[in-house]
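Two complexes follow with subunit A in common, the first pairing it with subunit B and the second with subunit C.
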Partner chain A sequence: MANKTKSAAGIALKKVGKFAAKYTTYLTFVVLLVVLAILTRGGALRWISIKNLLIAESVRAFAALGVGIIIITKGIDLSIGFVVCLCASVAASFAQPADYSGALFVGKQFPLFLPIIAGILTGTVFGLFNGALVAYGKLPPFIATLGSMSIAKGLQLIYTKAAVVGSLRPEFKKIGQGSIGPIPNLAIYVLIAAILVWVLLKHTKTGTNFYAIGGNIQAARVSGIKVELGLMVAYGIAGLCYGIAGTLQASRLGLANSLTANGMELDAIAAVTVGGVSQSGGVGNVGGMMIGVFTMGLINYGMTYLAINSYYQQIVKGLIIILAVYFDMRKYSKR
Partner chain B sequence: MKKALVALMVLVLAVGTVFAQGGAEATGKIKMAGIIRNQNEQFVVNYTENLKKVAAANNVDLVILDGEGQVDKQLDQLSTLLSQGYKYFVIIAQDGSATEQMAQKIAEVKGAAAYSNIQPSVEALKVSKQQYYASSPEAVAGQYQAVILDEYFTKYPEKAPGKVLNMLYLEGQLGHPAQINRENGLIEELKKLGYTVNFVAKDTANWRPDEAQAKVEAWIAAFSGKFNCVVAQNDDMALGAIAALKAGGYTKADASDGTLLTVPVIGVDGTPTGLASMKANEMYATVLQDAIGQSETAFYAVLEASKTGTAAGKTINGLTPPAKPIDEAPANDAAVIAQCFLVPFKPITKANLAEFL
Partner chain C sequence: MDSEYAIEMLGITKQFPGVLALNNVDLRVKPGSVHALMGENGAGKSTLMKCLFGIYKENAGKILLFGKECHFTGSGDALRAGVSMIQQELANCPERTVAQNLWMGREPMTKLHFIDHKKMHDDTIKVLKNVDLDISPETRMGSISISKQQSCEIARAVSYNAKVVVMDEPTSSLTEDEVNHLFKIIRQLRDSGIAVIYISHKMDEIFQIADTVSVMRDGEMIGTYPITDLTKDKLISLMVGRDSKERFPDIGPMPKTNVTLKVSHLTSSVDRSFTDICFELHKGEILGIGGLVGAQRTELVESIFGIRPVKDGEVFVNGKKIGKLEPSVLIKNGVGLITEDRRRTGLFPMMSITNNTSVPSLGQYLNKMHLLDHRKIGTDTVKYNKDLNTKTPTMETLIQNLSGGNQQKVIIARWLMTLPDILIMDEPTRGIDVGAKHEIYMIMNALAKQGKSIIMVSSEMPELIGMSHRIMVLCEGRETGILNRDQMTQENVLTLAASFMK
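== the complex of A and B ==
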């Protein structure tokens, strides 16, 4: 009888353990939220705090969705920050009022769709460029995107003459700063994008091909998957996400400058890694990516709320990135 | 393994609270926040350190948040602080274009803010009478640099025959109000003083010494012997230029003209490292951007608003808003002039260096 009880308890414990292992990413988020709620005496759970978090992390969420797809194909993208910066600058340049003397196109007022299209298109072109380098140029993604990072930075400086692209039109700023009822527009865009990427990854052949390419590129090729095309599509979609991120960033801030989105690649890569997207390729899902983004956001938010010295914040973020990748590598190294 | 990660994240946050500068404690004291664009420029560090001192002396609870050079981070920090009940802010914005949005958020809670170093937009000051400019008109720094150059070349006219200045010019971040106005002030004043200015080379080094050093090294290789002065828009870049000049052999044994370099190098800011360089007869002169004066004026303007409702038109830290608009934004608009406290720049040369050391 005692043995039976013991074994039942053991089975239950094992089940809990399995559940915890499967949903570590989500549990991390919940545990952090609880800790923060305690440390901020409930402040972190107020709607205003949640709203601030949604606004703060939305642009990064787009970058994370993009790089998440790339990492699933066993790639990496270091160009995110400067590509987003370039896209923000391009979008902003078409959103300046005609009568602003400091505008990039003085005396010209463009229709509202133009900055949106221009920003998104710029990102997509850069994504396809990265994809071509990796898929057809056979360059290691690390090197290819390191190069394109520098190109994007140079183009941004040339395009803007290193000046601030500011004083954007109110109707453009509303795209990123507005809200529908209490829900910020940015959060709604992210939700839509996350659903679309989820459908892509889970319910389309293109998506399953990404996993196959990341899991074992040779096997994918043998099984008839057009690997090069798959990689082009992955990087292209990622670029599209960066384009949206840049456009929304310009709208949200009401400006773009050469420092916009600098370092976003680290934030995005760290977020998706914390969210369970494996650097070894072939593993990851949209839910994890989003939880990763908001986990990092919670940490940022918590440190700001508690006014932790920024020097320590840098160390904390660095440690989290290193540890997330370390644990990820240990988990998947035996595959 | 990931359990360890969870534990670590929790631990990090918990340990972090040990280093926290103080959250939203209800102490009955006035709570003020400094939203500062970065903490890796000497001027900004001096500003912040003095702000802490003044706050402590006035029994004000102050938290400082570092924007790490990012506009979005500053906006997020402001939102977080507002959600914690903070209403009073001293701000060094990363970009003046974002100040209107900041001012609107602060005005929503009937708070107050003072902006230093980076000019807020006129629109930001128009948001409410509780928004203040506590900084120095940038063109004046350039004008003082011109006067210093004039003094030097009047004494040594053979170094600038025909009053022609062949200048290496290091600019700050392009589009930054200080970059535009310091250059305008310098050029216009030099013209008034009868000089012809040739920019042998002119480029941005983004306020940074390492970038300035690399730029000047390249310029020395390209234009050796073709320049007779080096002007930088801040001390950090001037020091980078000095390092390049020393490595390039632009030195002499005699410092009787005030510098051991063969060409005078002039900066702006009057940072401790800049002043040390002057003491060592390297940097010829600088113009003090008064970090202490700016931070105190900003602090007292906000404190006054928190106590009496507004600081507009009052005398704050010994400064009264100018009676008429000046040429430089945001103090060029009559509607907001009463909210502008102009902290004067001060030239620092060998003659008065001892006062600042």
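== the complex of A and C ==
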């Protein structure tokens, strides 16, 4: 009898735990928002703060969408920061005005679509390269992307001769800096991208297969999924996202240099992990990824508001990713 | 306080989600005896041993070592206490030497805390003598035969002053001479006062080596008997629990129908796997594939399905030659494979029942815009699982939370949704309880009656004989015969299964 009541209580506790576990990401976000709103006496809820948050986080959101897809396939991508940096530099190099003497292509004025295409293409190529290494080369994603990270870094330095690619044309800057009414363009791009990735992951066979590949690659193969092709597509789409991120970053800042997007891999991986994309593969959704991005944004915002030294902010970020993965592993590793 | 028994496991109960794996099991083993632990696959033998070694934590019960309660936290911990396990799959470091393997983690040290290689060498020779092994301690472990590696493992156990040695199917990959050598060692261990727990399916061995037999069935201990009180038939009926005829549906006579699958001269790319396999499968037929461990049955069916590489040979489905053996191609041609190891190659543990069921058939559920028709997927996954009587709280439940039998039904539903003509089932009832087993048999029979062709790989003799229209037997990767219904006896299958063994 005693045993029975104990197990009933256990079940109830489990249910609460399950509910909390299911909505942890959303709960965390709401709690953080409330805490910040109180600390800032409502300042955090003013439109200008929200707008700033949207602008600050939207480039990262693209990186997060990309790496989120990769982590669902049980991969990882450490090359994000430098790939985004390279894409930003390539995009910027085609967006400098003809009359700027410091331009990479002095005296040449390219049509506006070229920097966009070039930036996105660069990212996609890198994504496919990573995908090929992982899918066909059978390299562990960790090592494959560590290598391509260094390659991207080198290429960026060679391409820009380690100089700033700046003074970008106003029409190009407008892409990332403009707004439609009160809503910043960047936020709209993110919204569109998030919807597209949602459709991909939820409503296409290709996207659904990512979960199968990440959930159990052998079972996926037995189920007739072309695992190698699937991984190529996943890394390729991720690369495309990084390309967009790089292009938008160049446009938003009006320049690109070797420090652009520095450390963005950590930000993106931390965001999606906080957003419930499991490192064990096969688990995660777009809603979680986006909440994760803005949760990390709120934390940054809060720390800056509380005047916490940015060096300490690095430490906090590191601890958050470690904690998030720790809980993730505890949640999924016991079978 | 001394005890009459070396090991006592009392009232051990172990609950897994949805399955009671062990129900109040008692096992008492005397020192200086060879105690056989018998039971069909899934009876709970290995679960019981995992509880002994602390790999699983039992929900209730206690374990006494010479009368003293003990709780091991893993096989290393148990080893230090004198309880050791000789695994079916040897766990050693093949690239390290015999000596390094023997003393791993407890290397003799010099005064300066460097490894004392001299002592390690000498001690190794001493210890190997216990098991009649005359090899250099510097031999690389991976370069000696499995049987010798096993002897090393036993030597290692002895060097820890083992009082209890558990052997799990130790003869599964040994030749007859090697088995005799092993038995000699086991008798030596017994005579020196060690309690040996011996797990095996092989009747002959049990009657040769065991003093006492404990029989388990469906997670319960049926009883413990001195070997002299038992006969083979009695032992089988204790293990099986009821007459094998009742357990299987009537599959009827071999259908006289067209050939749906033809395999001709199939040879694996892997050395020492299967060679030159030819057979035909008819519409509505259940073809059993039998053989001992290492007969390459799984390798064969997985190669037909394109998961493993083949060097030579052809596969025809419904008269059409399959150009490239690849899962997606075979699925398109109406073949499905339920793999042997559900956990490793079947389940997507963190995905829902719905998603687990629909993975290979998603291509059939695309709308005009090439997007997934979730509504139709939903109704069909429910339908197929309902037909198979899968028990689950909701369709969104993660498959890892179901019992083995229900997981297996989801996997069968998965393949039925691809509308196959041919279903390959590798050990379809492994690790599921008896009730669910019976249901799986009924499903298989119904599918065959509907005109689906089934290949069933099975290690369980009664299942093989009870559920097959014909049995193809393999031995060491070669086809040694095909038995029709009237030729099916355990003896015939075993004779063919051991044809090439000395």
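Criterion: the second predicted complex is superposed on the first by the 315 of 335 C-alpha atoms of A that agree within 3 Å, B and C clash if a C-alpha of one lies under 4 Å from a C-alpha of the other, contacts with A are read in each partner's own complex, and residues count from 1 in each chain.
The rule is simple: a residue touches a chain if its C-beta (ideal position, glycine included) is under 8 Å from a C-beta of that chain, and two chains touch if they have at least 3 such contacts.
Just so you know, these numbers come straight off a predicted model, no measurement behind them.
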Superposition on subunit A - do subunit B and subunit C clash or fit: fit
Which of subunit B and subunit C A:L36 touches, first, second, both or neither: first
Subunit A: partner with more touched residues, subunit B or subunit C: B
Partner chain(s) touched by A:T208 [first = subunit B, second = subunit C, both, neither]: second
First (subunit B), second (subunit C), both or neither touched by A:R330: first
Which of subunit B and subunit C A:W198 touches, first, second, both or neither: neither
Which superposed partner A:Y100 touches (first subunit B, second subunit C, both, neither): neither
Subunit B versus subunit C as contact partner of A:R221, first or second or both or neither: second
Superposition-derived angle with apex at the Cα centre of subunit A and sides reaching subunit B and subunit C, degrees in steps of 10: 130
Contacts of A:Y301 with subunit B and subunit C, given as first, second, both or neither: first
Superposition-derived minimum Cα distance between subunit C and subunit B (Å): 18
Where subunit A meets both subunit C and subunit B, residue numbers: none
Residues of subunit A defined as touching subunit B within the complex: 20-21, 24-25, 27-28, 31-32, 35-36, 39-40, 43, 46, 48-49, 52, 55-56, 59, 160-164, 166-167, 177, 249, 252-255, 257-260, 262-263, 274, 295, 299-313, 316, 319-320, 323-324, 327, 330-331
Parts of subunit A lying in touch with subunit C, wherever the complex brings them together: 199, 202-205, 208-209, 211-212, 215-216, 218-226, 278, 280, 282-283, 332, 335
Residues of subunit B touching subunit A in the complex: 1-6, 8-10, 12-14, 16-17, 19-24, 39, 63-66, 68-72, 75-77, 79-80, 83-84, 94-95, 97-98, 100-101, 173-176, 204
Partner subunit A, residues of subunit C touching it in the complex: 305, 307, 327-328, 330-332, 337, 339, 344-351, 355, 359-360, 362-363, 366, 370-372, 374, 400, 414
